[in-house]
Amino acid sequence: MLKTTIIGGSGYTGGELLRLLLFHPEIEIVQVTSRRKLGEYVYQTHPNLRGLTKLKFTAPDDLHPVDILFLALPHGAAQKRIAEYAAAAKIIVDLSADFRLKDAAAYEKWYGKPHAAPDWLGKFTYGLAELHRAELQSAQYISGVGCNATAVNLALLPLLQADLLDTARPVIAEVKVGSSEGGAEPNPGAHHAERSHIARTYAAYGHRHTAEVIQESGLADVTLTMTSVDMVRGALATVHGWVRPGVALKDLWKAYRAAAAANPFLRVVKERRGVYRVPEPKILAGSNYADLGFDLDPESGHVVSICAIDNLMKGAAGSAVQALNLALGFEETLGLEFPGLHPI
Amino acid sequence: MLKTTIIGGSGYTGGELLRLLLFHPEIEIVQVTSRRKLGEYVYQTHPNLRGLTKLKFTAPDDLHPVDILFLALPHGAAQKRIAEYAAAAKIIVDLSADFRLKDAAAYEKWYGKPHAAPDWLGKFTYGLAELHRAELQSAQYISGVGCNATAVNLALLPLLQADLLDTARPVIAEVKVGSSEGGAEPNPGAHHAERSHIARTYAAYGHRHTAEVIQESGLADVTLTMTSVDMVRGALATVHGWVRPGVALKDLWKAYRAAAAANPFLRVVKERRGVYRVPEPKILAGSNYADLGFDLDPESGHVVSICAIDNLMKGAAGSAVQALNLALGFEETLGLEFPGLHPI
Amino acid sequence: MLKTTIIGGSGYTGGELLRLLLFHPEIEIVQVTSRRKLGEYVYQTHPNLRGLTKLKFTAPDDLHPVDILFLALPHGAAQKRIAEYAAAAKIIVDLSADFRLKDAAAYEKWYGKPHAAPDWLGKFTYGLAELHRAELQSAQYISGVGCNATAVNLALLPLLQADLLDTARPVIAEVKVGSSEGGAEPNPGAHHAERSHIARTYAAYGHRHTAEVIQESGLADVTLTMTSVDMVRGALATVHGWVRPGVALKDLWKAYRAAAAANPFLRVVKERRGVYRVPEPKILAGSNYADLGFDLDPESGHVVSICAIDNLMKGAAGSAVQALNLALGFEETLGLEFPGLHPI
Amino acid sequence: MLKTTIIGGSGYTGGELLRLLLFHPEIEIVQVTSRRKLGEYVYQTHPNLRGLTKLKFTAPDDLHPVDILFLALPHGAAQKRIAEYAAAAKIIVDLSADFRLKDAAAYEKWYGKPHAAPDWLGKFTYGLAELHRAELQSAQYISGVGCNATAVNLALLPLLQADLLDTARPVIAEVKVGSSEGGAEPNPGAHHAERSHIARTYAAYGHRHTAEVIQESGLADVTLTMTSVDMVRGALATVHGWVRPGVALKDLWKAYRAAAAANPFLRVVKERRGVYRVPEPKILAGSNYADLGFDLDPESGHVVSICAIDNLMKGAAGSAVQALNLALGFEETLGLEFPGLHPI
């Protein structure tokens, strides 16, 4: 059993990571840190783990050497102590935004301040197995992914890999998100009485995850428009673009099927009947699947590519464990078998 | 037009009061105070009022003399300055818990500290028109009502007025409540991700509103058990008791119909068909109705009396305006005509 | 008092119409028809009207002459009997899709069959006051509006009236809708267990309301992409387009403020602080407001225009009453004063 | 691998059973029947199973011999063909209400018609491991459990096993339920627009599951009062009774801890801090846990016992698999390890 420590385990991503690793057959959690919940049982914060673990939150100050270090800290924290963390474990998986971008200038543009450890940016592999499977197999430092970026990047994947998209035209990604995305900290806008039954387009453009989409897709003109809706988990990207001249619906079918065939967590959802004809985050809670759908207006070439994920799984902890499995030489799907629930 | 000031208008009850008074044909709001939102437009806090008023929140320190003073402060605040408030207006309506109980000892027992102005307790009339209509017609100082207490007191009203209840046996009131009841302040338990889809029996017994039920019903053995459910507005009291020997279903019909006939905001809801056969808070949002239902197990004499209200209306601002209408000699229903929406 | 009959009053739009007309100071409902609910009290279907009316549903066969006939029938029904209806009332307001399009060929294209009364298409005025105020003042036959079309048309209104949009480029309207839009008939996809917590992009393009947007906006290349989310009432249109070269944010401010100044039910919502900084359908339930917001990416000229409405009010019954008020010479806002609730 | 067939696999309980059995290490599904969905892939009805199985629904007419037959049919169907089913498999697990009651007279009283196979009633073991563990270890015919009955029976278990309850006094069980309990069939009351945000006490007394509580608890005077609330999965029983004279809170602690120690799926949830201080169905979706809490009013002896479950798991498919594990000599928890999600 490989030993691991989770730094910053009291947030929603940390909790999901705990759930996955407690059931992972090859990994043992030896320590979970949280300054704010110091000394409390982890199940008091993550009540679904009651009876499964006696772990308590410890201080993050003296780290025992372990095989794998997971960093689930607020954005900006990991980059300040990355050398120290690297001394404590051979493999690091950072779930924050700190090491997602390769380019220090892009980091400064999108995050509004210089990166504290720009030399480390090149050492990390972007932890999305669907885009970096080969690299991850020899990765030592793995960056987590932005949940919204992941929904958009996976919606774009079949179109880009099959070279169907007219990349000279704009791409508009409408992303619908749940309340867990904003984190567990209480704030006025997250109050149940204010956050229930909403459809709130809180960012028309400029969301930070755009940087990850630009980096990973290579697209120059791409916008993420963010709308909060009444769900707890889940992100749905409805991505609009235009196909190259001559591209037909059958080309899309081929491209999406190829993507699903090559990736164990991608599924094509495009049915003619039944309730679940298109991808929906609703049924993905707790699962690592990314469901893909598409449609094409043959008159205009307007293509709509859809990707649904659980933001805490494929959009965070699930992708991190999947990437780690690759780095460790395990089966990619190990510990990620839960299929989701219906109804829910 | 009578002039009024609302002290503490930034909470949910204050906002509902503002909505009602802006449309009240005989009352004009001259001032709304809030220390925390000082200088901001009230519509920034209460977005449904955008375009309807240019009022800004002012400091509560220098009060202009007005006809009516509404106090919508946190519990414990009004009792400290009641003499000062009384100097600023002839009529006071306090929506907090400060002047609901007649008995200073009961106040101390349920609220955990001595009352700061015990002499004033006797001057206030409990502002539930269905129980104190005559007194309210000559009231100068009106106390608001507890929302849960109101749902229970109105569920009990037909049974007690017709003397059908075996008052020697216990009464158990199961109250289901929405998230607006806890107020607008963010806290971990009110976070959308934690508060959605819940059924949380957060208080088995001992809820403070029990004191109001004891006072108004005269019952000695009554328990309020509180369960939070996934709704924003609304309180549903499902009240269990036992009828006196010989009481039959037809006696209940007579008692509930009499209650509805005597009170413009009480309705009996007991249908044999359709979706809405029983009282439900869902369709009462924004309305001042209290819907009553009942059932009787003839074998055991177990009676179940149900009352649904909007906690911010009949359970707070609506009852306050209704009581004030009586005190001012207006039609009891004035400004309270909105019937609620369906579907919602 | 003018007399009116509502044909087909058992659906959600019919219910909302009933609520509005029962409180309208100049109109009296004399008859409400429903074949399916024949003989039942209307409050059994529309429980918010309990205690407000003793009306029962009658058969639609023998119509008494009235001043105004509201048709709230399923699509396709009104066109078959329009001559008969016209004989029964001087003024007709049809809330279905039957008389929204001017062009019989467009009707056939979007609705999949020839129109049964093409000669009548030209007699109807499209009932959106913001676009046809002058015509409505002398209208005898008024067509209702599509709810999604209305959200999109009003989002486009400031841009088009101020000529800010590059109409040669595509317009993509992402519309988020609630469950009341699909009507009251039970179906598998509307089941609470399937419809809760969803983000379901059920139509990538080709929604029928597109025809109304093309007709009213004059745009050639416009797509409506429909996503169901977890709310009961409400439609939010997030409309993407590109401004003409040189158009800046201040030009948008001017255009949106001008639109709000000219129309009593349009409001601009674009705040820097607070929870409600952008338009949201959540707070509009029961109100006739259409809230407008916008943002502009100055680098690309990508403009995002947002419109939030209550689909049953501004998107159906509310616009219909507003249009009728104009036709009858009443104040445009008569009977439509309810401001909505917060929180809800 | 033991072979199994599921008769009637298109409902919610059938779907949950499929999910559990597809991951059960000792059982292989060879056939799933559904007349209504004949020929369709099971993942079209249960979308969480997409990619996990190629099974299609078959006709229930010619049954292949298998080791285990699961019956997930509507109530009343299994009893008509039980002899035929018994010929097809050695072990039968029936999830309907047909074989839960031991007494044919009780069946007729609560279900309104005579039982079609009264001789079979005595052959079935009631499939709640917490009450019948020893019997289940040699059971051939296992009955499923009522979800609401299970929540109440497990809330009562610690009190009855430790003999703390005054069984001469009435017991009132207030049960809050989600929308999956009513099944997948569309109906007007299950429509999202009608079923959202509700608190609907739809049955004051007389719910059929009462019969199972009477049978299993031995209590003479017990009422189930049912309230629908806005959740999809989950049942919460808040059970009111009175303890015997002299029973104190520490006796309850002892009894509940003993129950949890003796049963792998029972947990005590009674915390002084944090959000999750009491049992809540919210975090149990997909898990087989039954969380227990309690409180005692020392003045009156009024005890409130709380049990939260997932109605489709511990209240149906989960308990069935748990009971089957016992009958087959497997570890009781086999295939039931999923701990639930947080947040959700």
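Just so it is clear, A, B, C and D label the chains in written order, and each chain counts residues from 1 on its own.
The rule is simple: a contact is a pair of C-beta atoms (placed from the backbone, for glycine too) under 8 Å apart; a residue touches a chain by one contact, two chains touch by 3 or more.
All values reported here derive from a predicted model rather than from experimental measurement.
Asker: If you list every residue number at the chain C and chain D contact, are more than half found on both copies (same) or fewer than half (different)?
Answerer: Counting which numbers both chains contribute, over half are shared, so the two copies meet through the same residues.
Asker: Of all the other chains, whose mean CA position lies farthest from chain C?
Answerer: So the farthest one, by centre of C-alpha atoms, is D.
Asker: Rounded to a whole Å, what is the gap between the Cα centroids of chain A and chain D?
Answerer: 35
Asker: Between chain C and chain D, what is the gap in Å from one C-alpha centre to the other?
Answerer: 45
Asker: When the C-alpha atoms of chain A and chain C are each averaged to a single point, how far apart are the two points in Å?
Answerer: The computed centroid separation for chain A versus chain C comes out at 38 Å.
Asker: If you look at chain C, which of its residues touch at least two other chains?
Answerer: In chain C, residues 12, 179-180, 184, 188, 193, 196-197, 230, 232, 275, 280, 343-344 touch at least two other chains, as defined above.
Asker: For chain C, which residues count as touching chain B in their complex?
Answerer: Spelled out, the residues of chain C in touch with chain B are 12, 15, 19, 22-23, 40, 44-52, 179-180, 184, 232-233, 267, 269, 271, 273-276, 280, 283, 285-287, 289, 291, 337-344.
Asker: Residues of chain B touching chain A in their complex?
Answerer: 12, 178-180, 184, 186-188, 190-197, 230, 232
Asker: Could you pull out which chain B residues touch chain D in their complex?
Answerer: 170, 172, 174, 176, 188-189, 193-194, 196-202, 204-206, 221, 223, 225, 227, 229-232, 234, 236, 238, 240, 275, 277-282, 293-295, 297, 300, 302, 304, 306, 308, 343-344
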